[in-house]
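Both complexes shown next keep chain A, but they swap its partner, so chain B is in the first and chain C is in the second.
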Partner chain A sequence: MRPANSYTLYWMGVTFLLFPILILLGIYMRTVQAGGLAGTVTWFYPMMTLHGVGMVGVWYVAAMACAADILGRYTEPSPAVRGLALGGTLVGVLLLLACVFLGKFAGGWYFLYPLPFKGEWPAWSAVAFLLSLTVLGATWLVWTLDLLRAIAKKYTLTQALGWHYLAGRDEPAIPPSIMIITVSLIAGVAALAAGVIVLVLFYQELFTGAASDALMVKNLTFFFGHTLVNLAMYLGVAAAYEVLPQYAGRPWKANKIVAISWNTVLLIVLFAYFHHLYMDFVQPGTLQYIGQIASYASAIPAAVVTIFGALLLVYRARMRWNLASLLFFLGLIGWAVGGMGAVIDSTISANVRLHNTLWVPAHFHTYMLAGLVFLVFAYFYHCSQEAAAEPERAGRQKLVSVLMVAGAYGFFLMFYLSGAYSVPRRFATYPAELAHGGAFSAIAAVFATVFLVGFLLYLAETGSRWYKAMQTAS
Partner chain B sequence: MRYLAAVLLLCVLVPFAPARAENEAADRGRILFEQKCASCHTIGGGARVGPDLQGAHQRRSEEWLLRFVTEPDRMIAEKDEIAVRLVEQFNRIVMPNLGLQASEARELLAHIKLVGGTQAAAAPPQPAAAPLPRPDLIAPQSIVLGVFLFVSAIIVLVFAWVGFSTRQPEEVNVKKAYGFRKALFATASAVVVATLVMTMPGAPYAVASLKADRIVYVAARQFDFVFSDEPITSAADLGRIPTMRHLDLPANALVEFRVTSLDVNHGFGVYGPERQLLAQTQAMPGYVNRLRVSLAQPGHYKVFCLEYCAAGHHAMQSGFDVK
Partner chain C sequence: MGIRLLIGACAVILSLAAQGAAPGVSVQESRLIDRAVPDIPLQLADGRSVQISELWRDRPLLVTFFYRRCSGVCIPFLEWVRNATREAGGIGGDYRVLALSFDDADTASDVAAQAAALGLRDSPHWFFAVANREALARITGALDFWHRYDPARRQYEHNALIVGIEDGRVMRALVASGVEGGRMRELVWELRGSFIPFYAVPGQTALSCFTFDAVSGETRLDWGMLLLMLPALLALAAAVGIFALGSRRNRGGMKTIAPGGAWITSHR
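Showing the complex of A and B:
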């Protein structure tokens, strides 16, 4: 038995509360796209915005909570900042709910300039949205910086990045999870800084009327969005590095290769975002090609070092399979499959046919839902089970996993098929020429409901342990 | 003789004098309509984001129309019976208050009357589009899907094999595994480089040395695409620069679309007769993207907006014919 950290448990509570609501919004969207609930179609885009910002936000903070929990085992993050992170996030979420439900704000999750100023929603709701993101961005930036401070206090940043491995020294030994978290947090500072600049440009226009350059803001927006989503994924992978060895009964240590791999990732991930601008033909051509090269290159360390390392860890191991180890394993599959969908989309000549079709939600839902969500669920279950030490029933845990996997992949497949058939993303309803998009949506809504049922069973499994862990939390 | 001329002149001028003033108003109305209304309405061209305005002056009173055009938001808020019914009919997209003066509204109505009157017999109401069956998947989309499903299947098989291997636990030879990893790294790098070399030349960016056979200017705005032979770079150009109601393109010619936007980001996605994407570019305010296509197959092509641009996004479409 090992008592759980109470902040980690609070974050679990927040996640468990918000996730099912956001899933329902997803099912709602697919229903409208299938032609159902026609009377509510004006709510489609506001709900799409809420679902997108909400999901990205929830899974980013959930991944950060895992990282903070892991760091808590090796370093001393500030308790005050932990409280601030929780409080700031709640304030941001309240503002977000207000602007969407009261103001019908519908700028989309990455609020591409200048759309927030030019929609059918009232101006105040756009301002509330910007304020919400400002609160969230500022809070998370402080949180990120504090975690980096805690790391730098215990190790040095160069050690935490494993640069001494590059120089051929093995001492001090750095847990690979620390190395990955450090890489992700540094990328996080860059992403959040870009987000802050975008917000400042919006405020500037709001107060002085000075318009910004649409192409420049687009670059900043996608640098922010792409990097944030990727680093959330890496934090989930860090959790796998930390915990999976305990179930495999084998070590998963840092060495020169792991250090090279993750330092390369840090470098590459900052350039891959150009793949979001392939269809902006005025963007300098060199950057477009750099985008494709960087996107392809980022797959190599992921596949050859991390996925290979995980497979080697598990191969013929005396593995203890339970909900945690199963979900870690499944989460790595989702990361690999979704990553493959992304690499295909990052091919310029394929992107011409796939950009802004449902292929895009297809691949990011794969590595978010079947990747990051599974990894974080694994970690959450692991923490509560360690504290609660309840007997585990293998049959029920298998059922949970089967339902979530079947629901998720069925749901993804409809997105992939729609994308291949050129059905655009973000269409509230489909025109007659693309009516098959509606048929795919109907099937997807059923699969998403299966996932929801699986999630509720997961909640029953983890919730009882979470409750028990609360009693003994530190 | 002089008398005769004077009488003739009078005969010609008298009936036209008030008509001329009306025509001037209608002409100002035409420009206003192009600038502020044509993104959602046609007059005799069928319903778009909003209703076809042909015959509007016959189905509604002048007073109602004048008020609705100047303050649709207030009328909808006051639950005006007709307005509410129209909102329901048109996907609950609410007509925006465009801040028009009463005099401008009158000019607009004069234009709607004039055009609607002359075209009355020409344009029959369009039937509601019936959903079309799913087309056959074209290449390269079919190849993309095939490659993805194939690689995903391999990923799943490898994971499954490793997962099931834990039924027979055994120590593994780490040295051997690292040797295997080296081979994997070499193979993966080779595949990446080969794919880069193979796919990069397929990039859609315009090559300066090739001269286009036909240039079409496209201005996107919430929520339609305007085609013209001369560039339209701001809303003020609308109604002054002639636009094309109908665009015909020659088959197999190198056509260059010069795409920009008058408001927010839009996407210009060209769908072929098979109803699948052939090419696309973004429409961005302040920039012109040059999309070059050579279309072999004759038939009707559709253009859908491929960047989310607010409530009418999914209704924002256009088209052209290739002959």
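Showing the complex of A and C:
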């Protein structure tokens, strides 16, 4: 028995509430793209916006909640800030719901400048959207800074980043999760700061009418958006480093290689977002090359070291397989598979074909849904099971995993195929030339429903434990 | 608190940079990019008949419009184009120039006289030409070249336009109200085979990402791109600051779990 932290449990509640709604929006989109529900097509883009911002936001906070929970094992994140994070996120979500449902705001999840000012929606809904992002961004920035403060209470910066491993010393031993979380949080400060600057530029135009350079705002927007999503993934990976050893019965220690790979991430991750601007012919060429190199360097070393480390950990170990360890493992695989799709897409010569096709949603859904979501689900299940200590039924847990994996990968496959056959992303309905896009969508909707069923079973498994954990929470 | 400081800092940077903003490229110009130019028949100053496509067949063609009896901007403008191309270099080897009269009353000998007046009659790289009414309507229509005859003054009201054409498509255009030396040089750089990035910006922008130095032909990063460094610097400062503060408080006396050993305590 190990009582669970009540904030972690609240975050689990929020995630379990919002995720199925956002999945339904996803299934709705694929249905419209398959030609169904034709009367509702004007809702496609508002729902796409809600789905995108909602999913990115939910999984970012869920990953942050895991990070905060892990840090709680070593040091003390401030309870007040944890409360603020929860409250601020809820306010942001309410504003978002208002602008999308009442104002039909549909600027897409990265609200590319100057689109929010140019759409068919009322001006107030664009303002509500910007306010929502402002509240979320400010809250998350405070949260990030507090978690860094908590780490700083116990470790020096060089310890937390594992620089002594680089110098060849093994003492003091730093948990790899701390190293990864530190790297991610520092990158997170940069991402959120970029978001703040973007919002300042938007407000400036709103209040003074002074326009901004669209290229610059696009750069800043992806600095914010890409980096945030990227490091949410890394926080999920940190959870795997932290918990998987418990199931393998042996430690997963930091060493020089681990330290090198994650410090590379810190050095490089802020430059990877340039790959979102490959098609912007005015972007200076040097930055495009930096983008390709940084995309590789921020993904490949960390992923290879992690996957290799995980395999070594499990190899010939007396592994205890349950829903948590299974999902951790599947999550790392999903990260690798999606990462492969991402590396292909971040290669300039391939991006020429794949840019803004459904290949893009294909790869990021792979590492988000089959990567981050699985890792966070693993951690959530792990925490509630540790607190509830209920008997586990292996058959049912396998069924949950099989349904989620089959549903997810079937759904991804349709995205990948569509992308390879030049179906563009963000088309509510497909013209006759792209009729194959509609057929892929119909199949994808079925697979997504299978995933949803798997998720509901997962919820049944975890929910009862979560409820029990609530009674004993600290 | 931190955020307010940040916003304050950004506002200062923005207002500083706003003062140095450069004039934008007009939307009218960027709309012309990649337009197909109709292949019209021309009569050159020496009396030869050619298709315009023969002039752009093996190298880009710079096209500008004028008419002989203009008492306004045409003649000074042609002089300016002549001087600008001389300064920027590359004419002949890299591109040719066509000065096309848009007044169908002009004859080949009229434009020949104009070429002579500009000292360009013997230049093998300059072509002065006239075209029939229907051909003129097609090309001026395709290039959005605005002109209107005013019978009272017996003059045309018109724009001044310079268009770079490669393989029958517009690669770059300058509408004269915005023409200054630097932009003309950019156009010539393009004609000579370099890619000079530019894009239309609605109104004035506070910060731009890069500037093009027309004399050296280099694209240089501007303050807008430097603003991209700011988040990284802030993150660095935040990390160093927070950890510096943390080290002043007593460290390590909090939880008893040895780092790296957490898995043991919770592993059953």
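Following the convention adopted for this analysis, the second predicted complex is superposed on the first by the 472 of 474 C-alpha atoms of A that agree within 3 Å, B and C clash if a C-alpha of one lies under 4 Å from a C-alpha of the other, contacts with A are read in each partner's own complex, and residues count from 1 in each chain.
Note that a contact is a pair of C-beta atoms (placed from the backbone, for glycine too) under 8 Å apart; a residue touches a chain by one contact, two chains touch by 3 or more.
Model, not experiment: these values are computed from the prediction.
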So if we stack both complexes on chain A, do chain B and chain C clash, or do they fit? clash
Look at A:Ile186 in the shared chain and tell me whether it touches chain B only, chain C only, both, or neither; answer first, second, both or neither. second
Going by the touch definition up top, name the partner, chain B or chain C, that contacts more of chain A. B
Using the superposition on chain A described above, determine whether A:Gly341 touches chain B (first), chain C (second), both, or neither. first
Contacts of A:Leu231 with chain B and chain C, given as first, second, both or neither: neither
Partner chain(s) touched by A:Tyr45 [first = chain B, second = chain C, both, neither]: first
Does the superposition put A:Gly119 against chain B (first), chain C (second), both, or neither? first
Is A:Leu220 touching the first partner chain B, the second partner chain C, both, or neither of them? second
First (chain B), second (chain C), both or neither touched by A:Thr429: first
Going by the contact rule set out at the top, does A:Ala152 touch chain B (first), chain C (second), both, or neither? second
Clash with chain C (superposed arrangement) - responsible stretch of chain B out of 45-53, 117-125, 153-161 or 225-233: 225-233
Taking the stated contact definition, name every residue in chain A that is touched by chain B in one complex and by chain C in the other, in rising order. 114, 213-215, 281-282
Residue ranges of chain A in contact with chain C within the complex: 2, 73-76, 114, 138, 141, 145, 148-149, 151-157, 160, 172-175, 178, 186-187, 189-191, 193-194, 196-197, 200-201, 204, 210-216, 219-220, 223, 242, 245-246, 249, 251-254, 270, 281-284, 386
The answer for chain A against chain B in the complex is residues 39, 41-42, 45, 106, 108, 112, 114-115, 118-120, 213-215, 218, 257, 279-282, 285, 288-289, 292-293, 296-297, 299-300, 303-305, 308, 311-312, 314-319, 321, 329, 332-333, 336-337, 340-341, 344, 347-350, 352-357, 359, 416-417, 420-422, 424, 426-436, 438-439
Chain A contact footprint on chain B (complex, rising order): 91-94, 96, 129-135, 137, 140-142, 144-145, 147-148, 151-152, 155-156, 158-159, 162-163, 165-166, 168-172, 174, 177, 181, 184-185, 188-189, 192, 195-196, 199-200, 202-206, 222, 263-265, 267, 269, 271, 275-282, 284-291, 302, 304-311, 313-315, 317
Parts of chain C lying in touch with chain A, wherever the complex brings them together: 2-3, 6-7, 10-11, 14, 18, 197-199, 201-210, 219, 221, 224-225, 227-228, 230-232, 234-236, 238-240, 242-243, 245-247, 249, 251-252, 254-255, 257-264, 266-267
